[in-house]
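Got a structure for you, written out below as structure tokens; questions coming shortly.
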Amino acid sequence: MTINFALLGAGRIGKVHARAVTSNPDARLVAVADAFEAAATSIAKQYGCDIRTIDEIEATKDIDAVVICTPTNTHADLIERFARAGKAIFCEKPIDLSLARVKDCLKVVDETGARLMVGFNRRFDPHFAAVKQAIDAGHVGDVEMVQIVSRDPGAPPADYIRSSGGIFRDMTIHDFDMARFVLGEEPVTVAAAASVLTDPEIAGLGDFDSVSVILTTGSGKHATISNSRRATYGYDQRLEVHGSKGSVAIENQRPVSIEVANGDGYTRPPLHDFFMTRYTEAYAAEIAAFIAVILDGKAPSPDGRDGLLALALADAALRSVEQGRTVRVDEILN
Amino acid sequence: MTINFALLGAGRIGKVHARAVTSNPDARLVAVADAFEAAATSIAKQYGCDIRTIDEIEATKDIDAVVICTPTNTHADLIERFARAGKAIFCEKPIDLSLARVKDCLKVVDETGARLMVGFNRRFDPHFAAVKQAIDAGHVGDVEMVQIVSRDPGAPPADYIRSSGGIFRDMTIHDFDMARFVLGEEPVTVAAAASVLTDPEIAGLGDFDSVSVILTTGSGKHATISNSRRATYGYDQRLEVHGSKGSVAIENQRPVSIEVANGDGYTRPPLHDFFMTRYTEAYAAEIAAFIAVILDGKAPSPDGRDGLLALALADAALRSVEQGRTVRVDEILN
Amino acid sequence: MTINFALLGAGRIGKVHARAVTSNPDARLVAVADAFEAAATSIAKQYGCDIRTIDEIEATKDIDAVVICTPTNTHADLIERFARAGKAIFCEKPIDLSLARVKDCLKVVDETGARLMVGFNRRFDPHFAAVKQAIDAGHVGDVEMVQIVSRDPGAPPADYIRSSGGIFRDMTIHDFDMARFVLGEEPVTVAAAASVLTDPEIAGLGDFDSVSVILTTGSGKHATISNSRRATYGYDQRLEVHGSKGSVAIENQRPVSIEVANGDGYTRPPLHDFFMTRYTEAYAAEIAAFIAVILDGKAPSPDGRDGLLALALADAALRSVEQGRTVRVDEILN
Amino acid sequence: MTINFALLGAGRIGKVHARAVTSNPDARLVAVADAFEAAATSIAKQYGCDIRTIDEIEATKDIDAVVICTPTNTHADLIERFARAGKAIFCEKPIDLSLARVKDCLKVVDETGARLMVGFNRRFDPHFAAVKQAIDAGHVGDVEMVQIVSRDPGAPPADYIRSSGGIFRDMTIHDFDMARFVLGEEPVTVAAAASVLTDPEIAGLGDFDSVSVILTTGSGKHATISNSRRATYGYDQRLEVHGSKGSVAIENQRPVSIEVANGDGYTRPPLHDFFMTRYTEAYAAEIAAFIAVILDGKAPSPDGRDGLLALALADAALRSVEQGRTVRVDEILN
């Protein structure tokens, strides 16, 4: 059976998902919708699919699944509409920047029984996934301490930052999800620090560019997260997990693995400089997992609740910075 | 302009090239030919191309280029036919196992002015290619000594070995080409040793599984090659180039880059276990280079002469083993 | 000129310093004192020095410098006595577990003008020292974020923990000093989390075995510290420093650098399993630096104030855990 | 029991051995002899030993063992004299540059029953030694192929080259010994190539600076050796051993293990730049092994025969270069 897809939103990340869908043997891209006609046309031409409105996609029977890549403030509405329309839904993170709105949206998903998967792509990267497999295989024993480093080559444009919900909800949220993915237990407290070190304009926008976070779980496991909007040497994405028996860590990825040696020493090239080249395989595997959910009837993972809990950690981190104290996650959630 | 391709031979390597052609935006796979119908059908179905005979492909005007992936003993004949038919030709290595036959074939290529590219895929691997770029950029100064290690996870089946021309012409030939690629000067002598260490059956077939080679150029540069049909830890493919200013080396590639640490130490997973996963990017880049040759009118590289010279080094290495002496390449070529 | 040393305390770390002193061409070990006679005798025999009481060492003119390796609760008294006696003083960290006592002691040091160096050995490790040199040479630009990982192979015995002042004052204190060493600016706030994950007995002793800390400086730089009393793969000691131009990190050290590859992957041996083998070179360099202070009249570094400030960070971290809030260092210091 | 040593020759390598002897708890340096008085005085002063003539050392009863570090052309004579005098003998390699002279000398050693150990220091380096232990522990299965790279930062002075016996007998000889150490079987043939690439003056001296060698054993195992007198990035010393089950390799050593990352990539410092800092631990372990031979009555290893066989491989390699053929070792030995 082939799953018929519609793509909602044909921007940068929409294009990534279009390629993932069209190169998957179990999927067919039937339609694309985008308010910006040129973007929709570009996808339609490249992959030979229809251009339709969102209303048309909602109404038609020949669409099994939608991939939501529209602006964040439309996500929750679209999820509700397509949940009611009985489509399987893949939605880019976040569901919404407001925790209350996310909760309402997930109520609709629950009531309709819709299958909703949320786009935390790193879980599907072969290297991060192998860390999880090593944990599940017992190679590190009981997980005790987790360390996550994510450093971006540079900050996004001011316009993006303005509507992003801030670094915790936009960037750290991936690390909150990763921490939850590998900790095996929910974080219950959050302590965070945040600064502007790379560009004063970011302070003017009310955001931060450098953050450090400590999460602790009920049994006392720790996860630390270190984020920066500056990494001159490329896109720095690391994870290490320490347990009772040992540890497992991922190595950073570079497009070219050579080493030049001379009187100055031994030099390897910089890392990938962009999330889209770094996570090419992850995006393909993510859509494959979504298709498997539809075909095999498995529970989606990560699902709406994963989206909700990562956002709650972001909100808790922000409150920790604002109030100079360790914040309990249930203060945020309840 | 889109280049129309026909694929001759739909076996294992044919499938690799079919994928490379069909995923290239400048190419279209129009037809496939294979004596074994099921193989041709499988390609035709997957990529929506015609099944045609070789005669039909030769005769038709809608084919610009052929990719020759048929058995080795048909390569030279097919190159001659399609050179005369005015098609651009990509041929898997080797052109032929007989140096004399290769020379005759290349005469036809020359006379017809055909564009012939030979499939030494490693030149197009991003890591090997980056080594060459580092040399060309002057990072190592004048090249002095080159070391190449190629170790296969296991020997091919006896049937394959029987018709392969032996390890020097089948496996080491890639390293001979790589040595020529980076030395910047033609090897003039060859000294080699060869043994059977992994499987006595290989000796029964008159072949070797473990070889060491020293090439020297006119100005005294050296390249050493070490080959084995056994590598329990995966597909081991290394190159280092030492020059007057420094050195450059490639690192081995593994599908998953994690490291597990415990009381036994720090362990990273094995390397790729197969040339097709190891060289995925190389095969795509190779076909892209061939297409660039057709579109831009550049000289093909590696070309027929590169195929000839690598084969001459293989023949010289074999003679060195048989006669226990350093063999001059011009003894073989003239 | 040769500096005459007396060693106060001939236990484990005393032996390390005895070797450092006796192998330094500018130093001579004249006397050793230890309440436990067998320990003193062992040193005296091995290095041909006298056994004397502390009173005798204080009184004699032929001693230029003392190395204090006695139990922690005697450090401050001994520093005061030998400061008044006009000897140069090297004291193992900490000066005292009580910040008030340390302040009093440092007053005496100031008044007497004594040269006091405190034993934060890691600053003298060639790898950590090279990180500092890289920062000072401008290779990373302005320091922004620091990450420190220290994981011990196992917890010390219960008796040791009882009198150690707890993990922050005993173990993390090295990392507090390292953070100060590389940040280039004093930390002003501390947020910490602490758990018992490896051995419930440690909870019974009122201590922790797993801690995470965030330090922030006045201009917003961050340092994170992750500590555990468990590291099955050896003595894990890492530092990375990120700045406006790039980053610098140290690699872990292992006694043997080989790699075994087979079907299970590529395995390197565990790290050093003990601080004394890991920091052999650091201890020698530390004593050499102390001797240089005496000979060249340079200011000691790290000095008593470095000892005080690292302890203040430990106290602040403990308060942060107890009160669930970010603690200002000046709450502790003033 | 303490072994009393005399040091014959107080030059550069003599100083290394003086330090190794004096820092060993089972040894005492009693006397030093050197034709150049200042050299002997320097050692005598630093370590508090006598200056004696070689005749005096030979005649006295209070010397148990001699360390021969005099010029090469005196080695064989001194070995014979001290063998007859009943002293245990540690001699720097080579015993002599003439195979015939070495054979004669070893006859005397045999007849007198003297204990003679030859200074192939690399066998005692912890990393090379760990490779051997991994082989002996069965981690790689049956050894099949060995690869050795030794590259010196620069060529020795012309005067040294003139009397060194040439690169094969001076530099490659260490690699010949290492190949024998790990192959577990004697090489029976040698094929070699040699060039001058780094400095034409070396050609004027009748020597080479760049050599490649293939050794094969009776059962067909291979060892390749690559040597150069140029390595801009430091003292490059590598070994990898491939067997039926897997492989083991050593990593190069650097004095400082940091990594700086920026827009140009990730850079680690150069390697050690000198054999004396690279092999500090090896020299100490070598003398410790020699002392163990004396104390425990074990057979010395490497012994005179090891010295002989490494030299025979050097002679065979030179003949291979001169005659352009694979040379059998028994041509040389018999």
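What to note about this one:
Per-chain numbering from 1; labels A, B, C and D assigned in written order.
Note that in this section a residue touches a chain if its C-beta (ideal position, glycine included) is under 8 Å from a C-beta of that chain, and two chains touch if they have at least 3 such contacts.
Remember, it's a predicted structure, so these values are computed and weren't measured experimentally.
Relative to chain D, the chain whose mean Cα position lies farthest away is A. Rounded to the nearest 5, the angle that brings the Cα atoms of chain B onto chain C is 180°. Per-chain CA centroids place chain B at a distance of 57 Å from chain C. Rounded to whole angstrom units, the spacing between the C-alpha centres of chain A and chain C is 41. Residue positions of chain B touching 2 or more other chains: 232-233, 245-247, 261-263, 268-269.
Those residues of chain A lying in contact with chain C across their complex are 144-145, 147, 149, 151, 189, 191-193, 195-198, 210-214, 216, 219-222, 224, 226, 228, 230-233, 242, 244-247, 324-326.
Per the touch definition, chain A reaches chain D in the complex via residues 232-233, 261-270.
Within the complex, the chain D residues that touch chain C are 126-127, 130-131, 134, 139-140, 245-251, 253, 255-263, 268-269.
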